[in-house]
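Next come the structures, one after another.
Okay, so subunit A shows up in both of these, paired with subunit B first and subunit C after.
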Partner chain A sequence: MDLMLLTGLLASGVRFAMPLLFAALGETMGQKSGVLNVGLEGIMLVGAFLAVAFSVATGSPWGGLLAATLGGAAMGLLHGFFAVRLKVDQIVSGLALILLGLGLSGFGYRLVFAGHQSIRVPGFERLDLGPLSDLPVLGPLLFSHHLLAYVGIFMAVGLWWILTRTGLGLTIRAVGENPKAADSVGIDVDKVRMRCSAFGGAMAGIGGAYLSTAQLAGFVEDMVAGRGFIAIACVVFARWNPLGVLAVALIFGIADAGQIRLQPFFPQIPYQFFIILPYVLALVALAGSAKSASLPAALAQPYRKA
Partner chain B sequence: MTVPVLELTRLSKRYGEVTAVAGLSLKLEPGEVVALLGENGAGKSTVVNMITGMTRPDTGQIHLQGKEVHLDTPRDALDRGIGVVHQHYALVGNFTVAETLALGRAGPGVLDRKVLHADVRRVAERIGMQMDPAALVGSLDVAGQQRVEILKALSRKVSLLVLDEPTAVLSPEDAARLFDVVRALRADGVAILMVTHRLADVFAVCDRAAVMHSGHLVCDLPVADATKQGLISAMISGDTDTAQIPGSPGQANVLPDRPPTPVSDTPIRVSVRNLKLLRANGSQAVQGLGFDIRAGEIMALAGIDGNGQSELVQCLAGLNLPVDGTAEICGCRSDGHWTPRLLRNAGVAHVPDDRRRYGIISDLSLSANMMLSHFFSPRYGRTVLDRARARDDTRRAIDEYDIRTTGPDQPIGRLSGGNQQKLVLARELLAGPRVILAAHPSRGLDIRTIGAVQDILRRQRDAGAAILLVSADLDEIRALADRVVVLAAGTAFGPVAMADTDMAQIGAWMAGHA
Partner chain C sequence: MRSKLYMLVLDRDSRVALMALIACALLLLGLIALAGESPLRVLAILIGDGFLTRAGLADALVRSIPLTLTGLGVALSFRAGVFNIGVDGQLLIGAALAMACAPLLGPLPSVLALPLLLLVGTLGGAIWGGIAGILKARFGANEIIATIMLNYIAIQMVSWLIRGPLQEPMGIFPRSEKLAASLRLPVLFDGTRLSAGLIVAALACVAVWFLVARSRYGYALTVTGKNADAARYGGIQPAVIAFSVLCLSGALAGLAGIVEVSGLHGRLQEGFAGGIGITAIAVALLARLSPLWVPVAAFGFAGLYVGSDAIARLTAVPFPLVHVIEGTIVLAFLVLQIMPKAKDL
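Right, the complex of A and B next:
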């Protein structure tokens, strides 16, 4: 019985972790290149909306995913245009993205689905690996998730490998640590940052799509509910390491799944106290890792040529 | 007849009303080391920027290996075999040496550490240099980082290497090692343009000396025919007639030696006992340090950067606390209240070594920067700032210290380093300090400004100030100090009166030999 409970908790923890994982992985790459995007929340909302709208329109969750990815990348580029090209304060530009995403997704949803009572969103099917998925404990834990979840885990490893083992990673890290050094060897700092910002946006878009088409099935206004900010906390807590991001996202996901499961056990405690649990965890995480040597030295600093 | 590696023909560059470089022509042959001399603002940096693709000349041509080139970006210069080692290094602290060399050269794909490490060793061996490819750049000292910069430049095919003020931050020993590298490169056929203030560099390693004065090339002659005195007068006055004086080179003395006059009857202003200081990263910077500074004396704190000098100055300025021992300045003790505000009120002036971080706020005007040290004194008013008075003070400083600026409202970041430094000095000395902490006050400045700065310190000393002078420049220490204490290898040597020691002893201490 306890084992069943634990298995269920961990399995749904993995599901809850995925939107955070995608958004945080993208943000890691952006921050590694020196671009801070606090507007993940807005991008995830747009991603969630686009995924629903285009899943319904095309009849396939993959169409929705593609739209969310492209929409997210466009918003990442927009952030890049302001923060990197125009050297606008990155926080200001990020805050603008949040408001833009909130407005676009809410307005778009009413525009497209006005009057529809209930829409059926074609969601992602869980992967059925036959006998593997039927294994006790390991089955639900490891072999019964959406395909996208495996993509997320694979990407965490892949991005870690790119950052630490390839020339591309070297370039991105140099741009985020000392853009002048990168510039002095002929690297186009702004171009690298624009691309990382676009990649970060695309990943946040995928995170939003996962939320609305894999974890849930449908769009609700403001459904991201702070996950964009928790994703940023994940990046900091994981010290800008994609493998760490995977671990931290899982911790947050499990905390989120846990608070839902705890609610019925303590009916005398108002449920709001359980809902804030992951956010409290995020605050503690940030307080504990405020000063870190892994912080990209040129984070949020626009690069101006001398 | 060899083709010159670099030939500049009548290069000119104007910034608004100011002509930075006027019709400069210069030639560098393969394997030739040319010194480009000049005061701050003479146009040296602009020449370097034009050669390295940072700025475009208004008129004139640049020929590389006989072919005319247009260098629009740093990349253009790199691709054509021009390497630069800037004065302020462009390095990533948490990269290894191998990664630093790979940056911008390796493709986006997988990095093979073995190949990269072999690459570092190959480049280093070419010029007889020792370098651990796996060392983190941030863990190297200033001289080590400079060697990485040189390797970085050499890891590409380089026919011309530009060294911008390479010896400004080096100890005499490290400078000698740098010159060995320069000689190895010369033997390899690389042309070297060495921008410098230090005449010692010219006579140590250069073949030709080119002197700039207010944008013009005023002399260009073989070093064998040049004299120290002649080059100085060419730099200061643009006077070409005296640049070439018959006689043995290097005889003239830049700075008059002053017989040290130890004082023993004036009050002790600074007292340090058994001091132990930590670096920002928690490692021990220095321990067991003890000395007194009396009113009317200059105590030199010699040593190579990174041996605790910054930590000591910051401690005495109230910016950090010792972990052991005590410091006492004008009645304030480090085991009691010890803050910058308190110490400033007690009459401590602080000329920080990292000017851009601790000395000035680049975006603010000269007069706003003037107010910074006097924020808590009633000088500029308690609640509403007396900006008129600040402007007056700034105007007076501009006249008195000969600061080149458009006026007190110009952002200080637009000024050259030397002029910024003069304003910092003017500000710190404004209120008649009783103690002056001067960290590398003349580093990176031109000869005339150095002379002016040293005069200022001498006058303050004679007026009764107690001065701690942090310097790695033996000439400066000899010219100014009454006593000297050397920090090296985590410990302190001295203090000793200048009369009782010699430069060889101080040099040995700086290298860590007792």
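Right, the complex of A and C next:
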């Protein structure tokens, strides 16, 4: 494989990784605080739809991003309301989010865009850093992504720093590891969890927005295609470490970009066998990493004051 | 007056939960209003076309067959605290394996061939569920993600099969050859599409009810789901339960798949059973995981789908509203779960 091809693969791998990265970073914070949200798929769908609808309405992808973030946060709060406040089964509440997301995004799409197939969606422009973007190899690899991609990478580092180096991070980890102890030193367990859940929802909304306005240009029903679940697999495989999440999301992004680019080289192999690669990779990753000591001890367990 | 008293008896959590449900109902009404329709008219069409016309009723019964079979599978796995979200994939692989074996069964007499066909479909689903089971039991992989990933893999497998080895001899459309008449489930009533799959589904209900309510295994399932530590203490191995229940749950989904093909479509084609898996979850939850309530809930959701089709056809309200309704029903299930606590006060 020559250098051009490899550069192209890695560069589009970064692009493909971003929806996973945002959603997985949000889920990491949620799970660190003890809230499991299996409904990322539904939130990403709503985010993807809202981003397209509001990009068109406001004429700017940033308007779409804002709407997707708020919509995602609202769904995160809804999950928090049921999982944290009402203390019901977090998995079932997450499943409800999947159904709601599927329904709301499909409903909205058919209502707003039915009959207008050819609407131009104002998507995110790639960053142009002049001479830096023109550099061979490094240019396409490092200096010509969407601004949002750099935000994602910055957030991975930032969240790692927050989780491991700050008092806020300690609070979040305490709530997820030992809520009783956290409560005894005066931390409002439910409040921390609600906020983490809302943050996780907002991030999944951004992931959906990236998918529909940066990676692709437009909304198609059910377009998230399992990425919400792959994002959860990323969190597990990265052992709840935001920097690890960045690395794992990049691996998945490159695998996804790679399977598309490999298809023409092997016309004798049915293309379906390439499409399944990221899903198979997720299964392998899950099987290889599930029994981990990094699992937050109080994950998916509601906290009731004694 | 009575309802007012009841509100007073409720604790704060339950009142908040009820409020959330009312908010969901308002959201539904708002969505319908957003589409510029009157909620009353939509409701009238939903109930009228979904349940009250002869054609609607027959259609709802047809659709309730796969929902009952898959709903039973989901209920079994959820009872054990194992979240099988991969019903769609298990259904597809069951149907595909049975269709692959159909040419071998064709020459046999129908009394033998048809049950064997259903058995192969069941086996296919069990294998696909079993893969997730091994990943969970042996490697501790989360079954929700594993079964979903297996869904997407199964969709691609079927997509390949109907364009490759299983494609009809003409080779034009991406679909399999039609099943031989001896391998088709007979239609129960002339003029409808209702097949003997209804009897298969009814038998499955009885079998699963017996398993859950009368067998040692059913007890082990329930104990594991309620408290895995207690189960382990009582000599039940949660890993064995997880593996076996995913096989069983997959088996029922696989049976649903081949019943859909043999009783309704006659051949394997793309998207022939899309979205059944997610509805099966709502069915199982609404039935409160009880096998005898599953067919009732399945019929309810089947009517909801038939009615929603009619709504999308007759009004400006788009079809995906049905998923919002399903999501609301799941949330309602959660709210009802915390209600009994209020009565204890």
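Convention: the second predicted complex is superposed on the first by the 305 of 306 C-alpha atoms of A that agree within 3 Å, B and C clash if a C-alpha of one lies under 4 Å from a C-alpha of the other, contacts with A are read in each partner's own complex, and residues count from 1 in each chain.
Heads up, the rule we're going with is that contacts are C-beta pairs under 8 Å (C-beta built on N, C-alpha and C of every residue); 3 or more make two chains touch, one makes a residue touch a chain.
Please read these numbers as outputs of a predicted model, since none were measured by experiment.
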item: Touching partner for A:Ala182 - first (subunit B), second (subunit C), both, neither; value: first
item: Which superposed partner A:Gly139 touches (first subunit B, second subunit C, both, neither); value: neither
item: First, second, both or neither for A:Ala297, with subunit B first and subunit C second; value: first
item: Chain touching more of subunit A, residue-wise (subunit B, subunit C); value: C
item: Which of subunit B and subunit C A:Pro122 touches, first, second, both or neither; value: neither
item: Partner chain(s) touched by A:Tyr279 [first = subunit B, second = subunit C, both, neither]; value: second
item: Touched partner set for A:Thr166, first subunit B, second subunit C, both or neither; value: first
item: Partner chain(s) touched by A:Leu100 [first = subunit B, second = subunit C, both, neither]; value: second
item: First (subunit B), second (subunit C), both or neither touched by A:Ala114; value: second
item: Contact footprint of subunit A on subunit C as seen in their complex; value: 13, 16-17, 20, 31, 34-35, 83, 85, 135, 139-142, 144-146, 148-153, 156-157, 159-160, 163-164, 278, 281-282, 285, 316, 318-328, 330-331, 333-335, 337-338
item: Contact set on subunit B toward subunit A in their complex; value: 54, 73-75, 78-79, 84, 86, 90-95, 99, 102-111, 152
item: Partner subunit C, residues of subunit A touching it in the complex; value: 38, 81-82, 85-89, 91-93, 95-100, 102-107, 109-111, 114, 221, 225-226, 229-230, 232-233, 236, 270, 272-273, 275-276, 279-280, 282-283, 286-288, 290-291
item: Subunit A - residues contacting subunit B, complex; value: 165-168, 170-171, 173-174, 177-178, 180-187, 293, 297, 305-306
